[in-house]
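Per-chain residue numbering starts at 1, and chain names A, B, C and D are given in the order in which the chains are listed.
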């Protein structure tokens, strides 16, 4: 403690200075309070009010982020005495998170399952707002403490959201599985963090002595610590072997929550992963753990596991869950490059994935709403009944597969070229294997993605099913997302140059 | 003299016990207890290591955060377990397996 | 217009183009006109061919013995090769042009009566098209166009054989004819390609002319050297083999002769023009065109094949009962003579025989047509279930059809080669030269002239048999059904006129003023090499005498057998008889062995395609299924094939990863920890 | 406005129009589509007539020699230290592409005329049809690999739906099979494309480029890059350029299709509705051949030369294997599908020869097969539309029932089996001549190839004999006879131009050779140059 005293004023100054660049998060904190208050104050129709407030707030956060984006330029900033790191790519991820969160908040009441929730949805918005704050911090965190804090913050919010529909057995089951798996993962991660802390002597990842200390430590211990931490992050990314919860939870949760789970923590998780790896990659002295091999192997297995297992699926949400695992693997490929171009590619890929996945889940919700269709069999012949929705479905799936003309294709090309570029310099066979796996799993993914158009258009409807009211707003949103996908397919530079 | 090694051994033992508990017990609450044990193993580590981190006291403060978060998470988890019990009339995780491939 | 020769005659060129073009115009007009134009179509075509004949006459007049020259115009350029369209004028072109149109005219006239008016539009469309192709074939100056018209000739023959397309036999026959001709076409195409690659040109004059490219190339130590390129000498032989195939297919030589008898399913007038006189002679014509290409061995092969074909076909003709088939086998036999003549270096005689044969054989076919027409008439009238072409049902027609009888006799005499006919001149010239040729060679070469002599005897026998069966004795049907009403006649002028014309052309005066010396025939002289010296030797006297004596004896023998009913012929169940009656079983062999083999092979390949290529290995699939512990569940729409395999592999891997997904959260945690631990251990160990 | 751009996007424009029009106007959709294709055809003819020939317009590896060029910057991604990712909208044609365009335009018109039989869901059909049209046109014009790939992949989806939604009984299977096969090829092509992109720098800007023409110049490959000619890099133990060639070749070989990658084709053809079969056989197969010329041989000429034997072997196998399989068929459409395999084998054989004759012959074969296979599939469609059967054994003596139809069938059959006077003859003869002339492939391949000509005669004549000649005998009896009416005016309008074109190209091959000759010579010269 005595050693700390002389620094206090400097530390405090740093805190106040940092607040300036902490505007979006501050907004979020305020928003969180407001929404909570709103939820308490409004007795009737509070869901609606809260939702509007949240949406408006998230837009504001987005704007604030944009301001930050312009301000930071190419600099790298450390906030709060090195607790948080801020640079271009982080901010981009935050913006993607904000935008997607905005869309998901819109999406919430459009889903019948959630709307029928007895208690209204005011608290859901509160939880989401808080989780967005957690996601922001997760993306920016540069110390082990902030990492753990933010991960837990997001986790708790996610647990609540998954188990949100208390009246549904599935939701409860999904919640239980998620919470048990998640807590175990975070416990493991915390243990890893404690070891890492002990070995490195610092919580700050960007501490100058970090690598030196770790290099002196026992390789097995360091590996254990790193692997345990990565396991915690991997849980968020749903990397094999930490993906087991994914299908069950995605299927059991309400569709907007699935959308939330499949996009936001994943994006933030990638941000976190990149930040966590940066010090090791930046320092050529680091020899203890070969991240390229580790992540490549994980990426390859993840791609294979996700895409191949998806072939079996009948439940649309479950299918998308597995495909999401596959996409994680593919995005890992971009991470493995550890190059600026790779990070750009990663960000673009994640953004496109977010849009397409959100769209498909919205459509899953749309068909569940209108036709009570959850399995592929229920989709038979719906294409002719709902042409617009079905065409959008095809477009989004095309993007997820990575066939032109769609944003997904461009994302894939950019990732491939980033990996290639790195391969050309180092001739690492792992990278080539990753490329091959990426290509093969693309074909495999077509196999199951195509099933949806197949059922929609090619199969004949067997029996006339009762029809429920249509959901115009949801449809409009989906059309916008599909248009965005095509637009980015033709002009990827609109978005990609921001990354 | 209690050295760092002792702390580490205890924590490792705690972690392992926790791990065993979460894998073997047929009761969600017991699993939560197991997780709690694992968390505490880590917290013990953090505090033990924190002794050597003179400047920031990072370990100790981390431990505080971790304890709080563990409590929060457990609260949420218990709520969920409660809800599960309401739907399934059991909290044996093995019997709650409607969602599967 | 560019020319390879200084003296170029635009009149000749125009006339040639008109001669070939008029039938095309007639064909096109007929094709476009509605089907019910009837007789008008016929007369249009007759006019066209009359015009062709007139123009061909002019061309012949100007070109005969006036040297060789050609005109050409660029057709298209491919790469650095220019392909020309052009005409080649020499004695051969002029003669063939005239011959084809001269035979075609009577056949056209005959056809206007022979073909029902309702079918004439279609018939003359085809027939004129044939005339166009054939006329063009004989005058073009390069190999590409030669090939093109070569195949078009085959194509029009296909159309005409299958003219009565509702008859199954006709359709099968035309398919067979076309496919066998295709084999020849491929040979020709391969040969043309080889020549093109070797000499870099398609031009006939440049290739085969005096002192041409072929003349100046040679084979040394297994390499075929030309000024432009060199190839292994095996390709020279391949080129010969290709041309031989082409010749064998078109001119119905063994082993590709089987289509010609079947082709008799077509209208008889067609048989007269195409399958007796013109198209089948195209093979011989082709040999003339590319003659300098062959070396001695290759010529010997030609001679042997020709001789064998002549003999074989003659033996088959002995026992056939179908009037047209007898003539068809006789045609094959005579073509064998011509091919053999080419092989023994009797170039001029071969062509001479080609021309004379064209006249008398088409005459015979037309006569057969008249007879068949009349018998058919009887058949239709009395609704008999007989084959109108079977000579066993005929007899004693000489009194009812005097013109036909006389014409047939003239044709037959020419075919046998008795004096005063054109056949005597040409056939004897071949026989004599065959003996001369064998003279200088080893003893076994003598087999060839002897067997050809024997063939000549066989010819006399089957010809006599035909005459006696058809024209002498009593009408056989009358013996079976005594009450039938017979009113057969020679038919109208359209029938009689062509017969008379052709019969006149089958006598000696058209070719030579001396009925006994072939060396005096103008046609023969037109094709002799400049330095050729007619060698007078003993064969020139002996051979004709032997042949004629033998022929007369044989005819008498036949008379004894068929008219006087003496049993002097082999019995109907002897091996030789059956061999002959079943065409030496060659057709059966093709059908049973080759066609079936190809079809079986293709079915096997299809099976292969379905089962192996498409299914890679089904057993592997099932093994994969077993290993992956899958149920037999498979998507209905992904049932077979390569995809199934991939599907199974994909699903196998998928189900492996899925197998963790049992829905029990502790099991998830367990798997996770095990995997992390594994990863960690591997990491540490490595 | 650039002519090519118009040519490509006219269908898209009309497609959008169809999409926005209300459903009650659906009877007009086919006319709108017809109008689109006719405009395209007019443009195509304009392009053909105004296409300049001569050695200075040969194209191939000289950017300035291309005609109707439009080059606009399109995608420009800032990739930080890796420079910029520059994709151009770059279209232009040379002798190789101009005929493909004209042929596409003609086939599309025919396909629309065949679409009259489509009765369900017209909006979707014609919108997808026009989208496909646009993609195909784009493929033949694109000179930027990225653009090419975009259009190339864009063809898949419309086809999937066109086969899958309007197809026959096993349409789902056929559609998926088709899609997976093609995607399998193209995904790996994507990898090579990216590799090429990173190996090649634009000498002008110094950035990496997708420009196909830059990729043809060995000097543009940066030192030590994967696909550099000089650096001899290995991938998985295989020389990188060989691997690149092989992968791209497989992608196009699936399209062509080359045995043993052909099994999607019979299924796709048989199940597809008539207009789609027409497009598939008429145009899409040529994309494969075109791709092999433009990309495989353009970018990897030295591999094409050293691998000529294998290409030629595959070609010969395709010719004979396809023909023999056709001989075993009893479904008329399947027979024609296998005949396509056989005929496209000639394309590969000709290309493998790398001689002016062979390549010109292959080009001619592509054009000729485009017209003839369209005609054949149209003819099958006519009979299928009338009685919903196309088993050869169920028909007999059709020549009596439908004489005009039979005439067209005979024209198509004989033209296909290479009767002189029709386009296929010139094509096949010169393909074989080129093969024989080539020093890269052995002589016997030419001889074996000619056997394919014989076999094609066998199966076509067999069909003629079995189905059209003989006494009339139909499986469906009197009701079939009633349905088997003569040709309608629309059908004649479609068939007649095709027959005339086949004849015209056969009689005046210079219509094709005149336009392509300079480019072909330039291509041959270019391949030789690179190897030197």
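The criterion applied here is as follows: a residue touches a chain if its C-beta (ideal position, glycine included) is under 8 Å from a C-beta of that chain, and two chains touch if they have at least 3 such contacts.
Every value quoted in this text rests on a predicted model; they were computed, and no experiment measured them.
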Pair of chains joined by more contacts [C-beta pairs], A-D or A-C: A-D
Chain at maximum distance from subunit B, centres defined as averaged CA atoms: C
Centre-most chain, if every chain is reduced to its averaged C-alpha atoms: D
Centroid spacing, where centroids are CA-atom means, of subunit A and subunit C in whole angstrom: 78
Where subunit A and subunit D are represented by their mean Cα positions, the distance between them in whole Å: 43
Euclidean distance of C-alpha centroids - subunit A vs subunit B, Å: 25
Computed distance of Cα centres, subunit C from subunit B, in Å: 96
In subunit A, residues with contacts to at least two other chains: 176-177, 180, 184, 247-248, 309, 312, 447, 454
Residues of subunit C engaged with two or more neighbouring chains: 637, 658, 661, 663, 665-666, 669
Shared interface positions of subunit B, touching two or more other chains: 22, 31, 93, 96-101
All pairs of touching chains, each written as two labels joined by a dash: A-B, A-C, A-D, B-C, C-D
Touching residues (chain side subunit C, partner subunit B) in the complex: 658, 661-666, 669-670, 673
Contact footprint of subunit C on subunit B as seen in their complex: 19, 22-24, 31, 93-94, 96-101
Residue numbers on subunit A that touch subunit C, as the complex places them: 176-177, 180-181, 184-185, 219-220, 223-224, 227-228, 231, 240-242, 244-245, 247-248, 289, 294, 297, 304-312, 444, 447, 454
Interfacial residue positions of subunit A with respect to subunit B in the complex: 1, 3-4, 144-145, 148-149, 152, 155-156, 159-160, 163, 166, 168-170, 172-177, 179-180, 183-184, 186-188, 190-191, 193-195, 197-198, 201-203, 247-249, 251-252, 309, 312-313, 318
Residue ranges of subunit D in contact with subunit A within the complex: 74-82, 85, 121, 124, 146, 149-150, 153-154, 156-157, 160-161, 164-165, 171-172, 175-176, 179-180, 183-184, 187-188, 190-191, 194-195, 197-199, 224-226, 235-236
